[in-house]
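Encoded as structure tokens, the structure appears first; notes follow it.
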Amino acid sequence: MSFTYTRTIYFQDTDAAGVVYFANVLAICHEAYEESLAASSINLKLFFSNQDVAIPIVHASIDFIKPLFCGDKILIHLSPKYLTEHSFEIAYNIILAQTEKLVATAITKHVCIDKMSRSRKEIPGEIKQWLHHWSDAVAM
Amino acid sequence: MSFTYTRTIYFQDTDAAGVVYFANVLAICHEAYEESLAASSINLKLFFSNQDVAIPIVHASIDFIKPLFCGDKILIHLSPKYLTEHSFEIAYNIILAQTEKLVATAITKHVCIDKMSRSRKEIPGEIKQWLHHWSDAVAM
Amino acid sequence: MSFTYTRTIYFQDTDAAGVVYFANVLAICHEAYEESLAASSINLKLFFSNQDVAIPIVHASIDFIKPLFCGDKILIHLSPKYLTEHSFEIAYNIILAQTEKLVATAITKHVCIDKMSRSRKEIPGEIKQWLHHWSDAVAM
Amino acid sequence: MSFTYTRTIYFQDTDAAGVVYFANVLAICHEAYEESLAASSINLKLFFSNQDVAIPIVHASIDFIKPLFCGDKILIHLSPKYLTEHSFEIAYNIILAQTEKLVATAITKHVCIDKMSRSRKEIPGEIKQWLHHWSDAVAM
């Protein structure tokens, strides 16, 4: 089961070419990730300012099919996938609500680390549950 | 009757001090303005890319009472006010949902201009209706 | 003696109206503040992530005279001013380099606090020196 | 010959984890692209608001090796590469100045289109010259 986030495109998301600035679509995907964490009862304030464990993004990519304009309504379907005991990946399908057409796809890859030593660490339990909840994986 | 916009604080809104970056709160107020326009059936794409008339912000100010953190839910109460035949002002009260406390207040002032000559122009009819709808003004 | 920061306007600073998005000008003023701190040998990483003392912005205001476009070169003249033993204010004059005309003015007000209790604290010594360096004040 | 852009990391580039927010590094790479265009005498205002031809980004990817902090100085080495008569790619190497270590790499892919029909168009002459100038390609 994937998680779905709905969002309006705002004026500040756009640039002087009249469409959404490319890097802002990745930031909107990250909002979808945050909403999916909150939907799994993860406290975002504690999660993102944790002094021990961090789960930084080590890779991101995005492909654009159609431009997005101010006022457009989008849906983001998000599916996380377990990679290793330290890492996971999230796939995002960005859909324009009025046409139901795919307008962009993105991927982010996250690695769990000890914040001081920056060495790899096992994914915390609450994130494993979140992975279980929103991915189609049978077992982890 | 004021317009109310609800918003979650996202990770990208924050900075390395762990709280929302000051200028981002003004951008979030602008989202509230856009939602209030959409609620009055104004087409945001056409409105913000209009080649004839523009209504730029000529002044903005903000006062911060309490910091905002990632994951916080806020309400923004927005009240527009007619100033002259060319200009209006919007007041924003930013409330933290969990405490119902005021955390910031902001003001933006907008002047209607001809986009080419940049000379002042009368406020368009659809914006007058929006002002009527969301302000407490008796007559304009 | 004021501090001067030079900056090019980038594509991401603009919006679908073709000019710089209003709140981004305040963010660019903050860059000028950061460069003035660095010019007084203040370590920005330590300064902005300090766990004991924080100097949040409690008020900001901005007035726009002319629009700014992608590729424009601007100068920001920054002058800090001592307010009380806990607070200071910075005035920014934003000048378009090619015309030497004032295009915007802004003010930010900063209050020094204890990060845990959020009670007011005396301005740290290095910030007093920075105030001395870049303001016209005779004595503080 | 690659183009080099130097940049300080600012407070607004960071997030509550204390490091640069992932999508902002792509935006900083785009600044490097803009500076390389300006260095080839391309007028950025006209280029990015052209009503006939647009060269949107159709793909972007980024890999992070080390985190970046407020106040860090970075160098971005940018190398464009001709792909087809309608498209080119830019590779970015992001280097931390104090250690001379690679901290991230990124790629953006750009396709030239007719802005109205959104059909593919040949890369304009000034962009071909820019490609010649900053790429290592022998012939195009």
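For reference, chains read A, B, C and D in written order, and residue numbers begin at 1 within each chain.
The definition used in the following text is that contacts are C-beta pairs under 8 Å (C-beta built on N, C-alpha and C of every residue); 3 or more make two chains touch, one makes a residue touch a chain.
The model shown is predicted, which means the values in this text are computed figures rather than measured ones.
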Intersection of contact sets, chain C vs chain D, gives A, B
Reference chain B; chain at largest CA-centroid distance: D
Please tell me the distance, in whole Å, between the geometric centres of chain B and chain C computed from their C-alpha atoms. 23
Per the C-alpha centroid definition, the whole-Å distance linking chain A and chain B comes out as 27
Taking each chain's centre as the mean of its CA atoms, chain A sits from chain C at a distance in Å of 33
Touching two or more other chains, which residues of chain C qualify? 11-12, 14-19, 21, 23, 27, 30, 48-49, 69-70
Complex interface listing, chain A residues touching chain B: 8, 10-12, 14, 18, 27, 30-31, 34-35, 38, 43-45, 47-49, 69-72
Residue ranges of chain B in contact with chain D within the complex: 11-12, 14-19, 21, 23, 69-70
Could you pull out which chain B residues touch chain C in their complex? 15-17, 19, 21-24, 26-27, 30, 48-49, 54, 56-64, 67, 108
